[in-house]
Structure formats: C-alpha cells, structure tokens
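Please go over the structures that come below.
Next come two complexes built around chain A: one with chain B, the other with chain C.
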Partner chain A sequence: MADYKIDDTVDITDVVCPVTFVKAKVALEELDDGQILAVRMNNGEPVQNVPRSIKEEGHQILKLTDNGDDTFTLIVKKVEDE
Partner chain B sequence: MAKVDYATLKKGGFMRQKQKNNFSLRLACVGGALTAENLKKIAEVAEKYGDGYVHLTSRQGVEIPFIKLDDIDDVTADLAKGGCRPGVCGPRVRTVTACQGNTVCPSGNINSYDIAVKLNERYFGRELPHKFKFGVTGCQNNCLKAEENDVGIKGAAQISWKEDTCIHCGVCEKACREEAITFRDGKLVIDTQKCNYCGRCAKSCPVDAWDVNEAFLVSFGGTFGNHISKGREFLPLITSEEQLFRVTDAAIQFFADHANAGERFKFTIDRVGEEKLYEVLKGAYDG
Partner chain C sequence: MAFTNEQLERYSRHIILKEVGAKGQKKLLNSSVLIIGAGGLGAPAAMYLAAAGVGTIGIADADEVDLSNLQRQVIHTTADLGKAKVKSAKETMQAINPDVKVNTYRKFITSENIMDIIRDYDFIIDGTDNFPAKFLINDACVMAQKPFSHAGIIRFKGQLMTYVPGEGPCYRCVFKDPPPKDAVPTCKQAGVIGAMGGVIGSLQAMEAVKYIIGKGDLLTGRLLTYDALTMTFRTIKLPKNHDCPVCGDHPTITKLIDYEQAECDMHM
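And now, the complex of A and B:
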C-alpha cells in the first residue's frame, strides 16, 4: 500500500451485503475527484462483489491486497461523474 | 351444435376448463415480454370476454380464463388488433422462456431475449411426439432455470487474459467463485477444469484486461413435471450463435426421429442411449 497516497480509509468488515457496498459508496462520496480510498473488507462475499460494484459506479480500482487475516484492502481512486 | 374439436382448440392455446364451455386462453409470449399495447388489449379482453383477471403462467405467459366457447373467434380477432396471438399447448414446441439478459442485467453474458426470439422463429409450434420446451438464461445465476427445459441455454463468457492491459490488481482472483484464477510470477493462470465461464473475472476487472466472447452452455433432457430430472450438458462450450443453432436443430431432430408419442426428451435419451444423442450433437457441434 506504500505505492499509493491514501486519503481516507473505511472498514466495511463490520457490515454485511448490501451495506458493505453502501458504506464504501458513502465514503467515496466524501472524497474529491482523484482522491484515494482504502476499503478494508472481509474475504468471501464482500471481496467477490464489492470491487465489481465500485467499478460499475465508475471509480477506478488500483489494487486489492491480501492482509493475511482473512481481510482484504481495496485501493480505489474516486472518479467524479461528468 | 357441431362437435367441439378440443384438440384443435388446445393447439390454438384454448385450454379447456373444468367449467363446461369455458376456456383459459393462452397467449404467445416470448421471454415474458409484452408491450404496453399488448397489455391494454389483454386487459380489455379479460374484462369484456373473461372474468376480469389473467393468470400469469409458470412459463412467463399470460392466460385469460373464462373465455366462452361461442366467443372464441371474436376474442382471437380482437386480440390480434392489440398485437396478441394465441399460444400453444399439446405435443409441440412451447413458449420459449428467457431472462432479460445483458441488454438490461449487469450479470448477463448474452442477449437472452434475442436468442429466445430466434429460437421461437425457428421452432415455435413445431409438431413433435410430445411437448418440447426451450429456456434461455443469461448467466450462471440461472434465474431462468435452464436445466428445467428439454433444451436449456445458458449464457457463458469465453475469456482470455490480456496481459498487456492487466494491472495485476488481484480483483479477478477473488471475484472468481470457482478459485480458477491464480497469479504466479506475475502471470495469470486459469485452471480450465475449474472455470465455469461465468464471466465474473471480466466483469469485475477495473481495466477490462479480458477478451470476452459470448458463448453458450446447453443442457438436454430437463423435465420438471410428473418426473423430475435436471437437463445435462453433453457438449463443451458453444462459441457462436451459428454453432448453437446447429446443435438445437440436431437436438430437436433427434427428438422428432426417435421419441415415442407422449415421451419427453429425457426418456427418449434414456431409452435410445446418451451416446447416440452425443454422437448426433457432437456432429452438429463440429459442423
């Protein structure tokens, strides 16, 4: 994660679908265009689906990192709607 | 009164009710799609000739119950003005069912409705030894339950990795529910034994580092009536529409050639032999 300057972090390991995506989406809304969010999520259903949902919202996914504790961190660059 | 030809009425979608001289009129309805114009006319006919309601069938169709025998010609003519045609029942190709597919659904791998329309044009109403059902589902989520059908078609993604575009983010590795993707020394490796062509890797990829070809998985011999059996996939991935229709042509012809009257496809396959069907299907598959 050292490769990216993280502007904000959100932990969605305490919620389940569909709130996982909603929580990440709300965190992204607080950022400015081009800023970077780190999203910590659980293995399984969240890591299968949340990255795709964020992509479909139009944001740019940079990296998914295995934290080694059955959680993953997704690095996302916010892309503002035109 | 002249003798009522129930077989002809049934063929024309008029289903005899338990109430004497009353029919539930089944309408042709491909993939569950009806226009607003169709719906207005259906509502009008249900109020004027029926009991003011419709039944939505298990195969995405509409039936208008309590149509009176004497009104059948008037009802058929009136419905035609709203673009509605009667459906079919009995030993022939039935309504082709479909999900909304990739024109609407983010998960869809194929345009299910378009395939259903093409199947319908090709086969609808074709006379056979018994009923024959096609269903088209857009992806592995299988909302349309492909394997319930005599021939079930499932949208698939034939994928190949574009190394030059890939940013090695690792999203696809986790998006894959079959654990078919691993990165080894910076190279993506697909376990083709595990891949089920769901396409989630490509759909989740942030930089679209995949070539995706619309493909089909086809199952044969599904039936969910008095006997229940799941359709089986005999063939590898079908990679073009042309190939798909060669295979469906071969399957329906196999049924026409070998089935006994009143025998569903599954039981024809069991009686004649899976290997016989496979031979025919493989021939069509290879072209």
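And now, the complex of A and C:
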C-alpha cells in the first residue's frame, strides 16, 4: 500500500450488498480525477463483486491486498467520466 | 452533508444509477417540490417524491378525504375518511420516509395566495382537477419563473406537459383560455379509471426528479397523451406562442385571474 499516496479511505465492512458498492461509489464521487481511494472490505461476496462493479464504473483498480484478518484492501484510482 | 449508512441503504438503488449517484441524491434531499391537489394525480406523485427523498414537499388541498376518493387516491386509506387530505397525505409521506419535511396548505389556491405558496419551491406539480386552477397555476408559475408539470386525467385518458421558464411553451400557449363552464365534464361527472392517476401522477413525479437531478429530456415543448383503452402513448410537439398573453413577447395578462368555476365542480 505504501506504493501509492492514498487520498481517502473507506471501510465497507460494516455494511452488506448492495450498500457495500454504494458506500465505495459515494466515496469515489467525493474525489477528484486521478485521486486514490483505499477500500477495506470483507472476504467473500464483497471481494468478489465490489472490485468488479467499481471497474465497470470506469475506475482503475491498482491493487488488492489480503490483510490477513479476513478483510481485503482495494486501491482504486478515480477516473472521471466524460 | 454525508450520508448515514441507513440513507446509503434507503437510496442505494438511486445512488447506483450513473445518472443519479451521490450527487443526484443530495440534490433530491436538498430540493423542494410543491404538489397542488392531494387527489388522483397528487397522491402517487407525493408518494414517489417522498420515497425518493425530496427533502421538502409542500401539499395544498382544502378538502377532506371522501369515500369516493379512495378508488384512485392511494395516499389516503379508509381509516382517513373525513380527515383533511393534506393531513392524511402528510402522514403517509412521513411513514414512507422520515427524511422528508412536509408542509401542508389546507386551502384552495387563489390569485391571492398562490404567489406566496409557490415562492419557496423548486418545482410545482399541478394535480388539480379543474380549469380555473390549471390556468391560475400556469400564470403564477410563468410570472414567478417556476418550472411546473401540468397534467389532466379523465375517463381512460391522461395528458401531461412540463413548463420550464425560457424553454418552450406554457399551458396558455397551447390552451388559450379555459373552456366555457360545463363544456368539458370533470372526472366527477365523467368518471376516471383509478390507475390513470397512478400512471400520469407517477410521470409527473418522474419529471420533477429529472428536473432536480438535471438529467434527461423533459416534456418541454411536448404534450404526452395516454389512451388506456387503445394502450397508446403519443407525444405532440408544441411550439411556444410568441403572442401568448402570459409568456409571449408582449404579455397582456399581468395579474392573476380567478376564473369562475362550475357550481357542481366545487368541493371535489
């Protein structure tokens, strides 16, 4: 994670689908183009679906790290549409 | 303003939409819509706008809930009979979504009070059932530069159009004057299929939402008509009338008019 300058962090381990993606999406909307968001999520369904949904929105996935505590951290670069 | 986890869940289906997102949902929460008439059109419009999280909703109606209303005015229930419609409507909206602030106006709108009532709202929905009110709402919205959704329903037919100041025609560009008294029956005399209010009132709510989030094309310069029996929707292009007496280049109507209403149409 030290490879990137993290502009904001959001924890979505306290919510379930589809609010997981919604919470990450809201955090991304707050950022400027090119800024970097770290998203902490639970193993299982969130780690399978949230990165894919974020990618479908056009953002760039930089890294997914296993935190070793049944959570993962996803590093995303915001890509402004249009 | 940050969303709570509960709000993120409540509005998740909106926020997921590219056209809405967090920005659009915040616009909705910060917006205000006035609904004139808590009847067949106003009922679904009010319920969908409350559910959508429109932050402030005004509702104006002088009447009480009557048994003959319940076939179509889905915001009221049998338990509400005899209650002021605005009170019943407020209770339903707040039960749907406690985020919404509801202002009630238990009065008929007139040339005397309409400017004060519409002043604080971003968008107005005409859910009335008579021509004097429709022309009054149009003229007041043109004069106050307020966007509004016009609609009318009767039997198996419905229509709507949207006025946005500076864009396209107003209601009076299309329909110059109210028809003579009793020339056109009201839904009290002619009947109306209950779901028609649901279809057209929901479309009015849709126009309000699109206006607030600033996405898509509104029914400006277009009249949408719906015939339920033939199951046909049509859109008719309508130009702005530069000789319109209220929104034209040289307006001749500069103060509001209370047209007379047929006696049997009172107290709907």
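In this section, the second predicted complex is superposed on the first by the 82 of 82 C-alpha atoms of A that agree within 3 Å, B and C clash if a C-alpha of one lies under 4 Å from a C-alpha of the other, contacts with A are read in each partner's own complex, and residues count from 1 in each chain.
In the analysis below, a residue touches a chain if its C-beta (ideal position, glycine included) is under 8 Å from a C-beta of that chain, and two chains touch if they have at least 3 such contacts.
All of these numbers come straight from a predicted model, not from anything done at the bench.
After superposition on chain A, the partners chain B and chain C are accommodated together without colliding. Once chain A of one complex is fitted onto chain A of the other, the partner contacts of A:79 are absent, as it touches neither chain B nor chain C.
Centred on chain A, the angle reaching out to chain B and chain C in the chain A superposition, using CA centres, is 70 degrees in steps of 10.
For chain A, the partner that touches more of its residues is B, with chain B and chain C as the two candidates. By the touch criterion stated above, A:14 is placed in contact with chain C alone, chain B being left untouched. Look at A:23: by the touch rule set out above, it reaches chain C but stays clear of chain B. With both structures placed on the common chain, the touch criterion links A:56 to chain B but leaves chain C unconnected. When the two complexes are overlaid on their common chain A, residue A:6 makes contact with neither chain B nor chain C. After superposing the two complexes on chain A, the closest approach between C-alpha atoms of chain B and chain C comes to 8 Å. Note: no residue of chain A belongs to the chain B contact set and to the chain C contact set alike, using the contact criterion stated above. Those residues of chain C that touch chain A in the complex are listed here as 3, 5, 8-9, 12-13, 15-16, 18, 21-23.
Chain A contributes residues 14-15, 18-19, 21-23, 25-26, 29-30, 57, 81 to its touches with chain C in the complex. Chain contact summary for the complex, chain B toward chain A: residues 106, 167, 169-171, 173-175, 177, 200, 203-206. Interface residues of chain A, counted against chain B in their complex, comprise 43, 47-49, 51-52, 55-56, 60-66, 72, 74.
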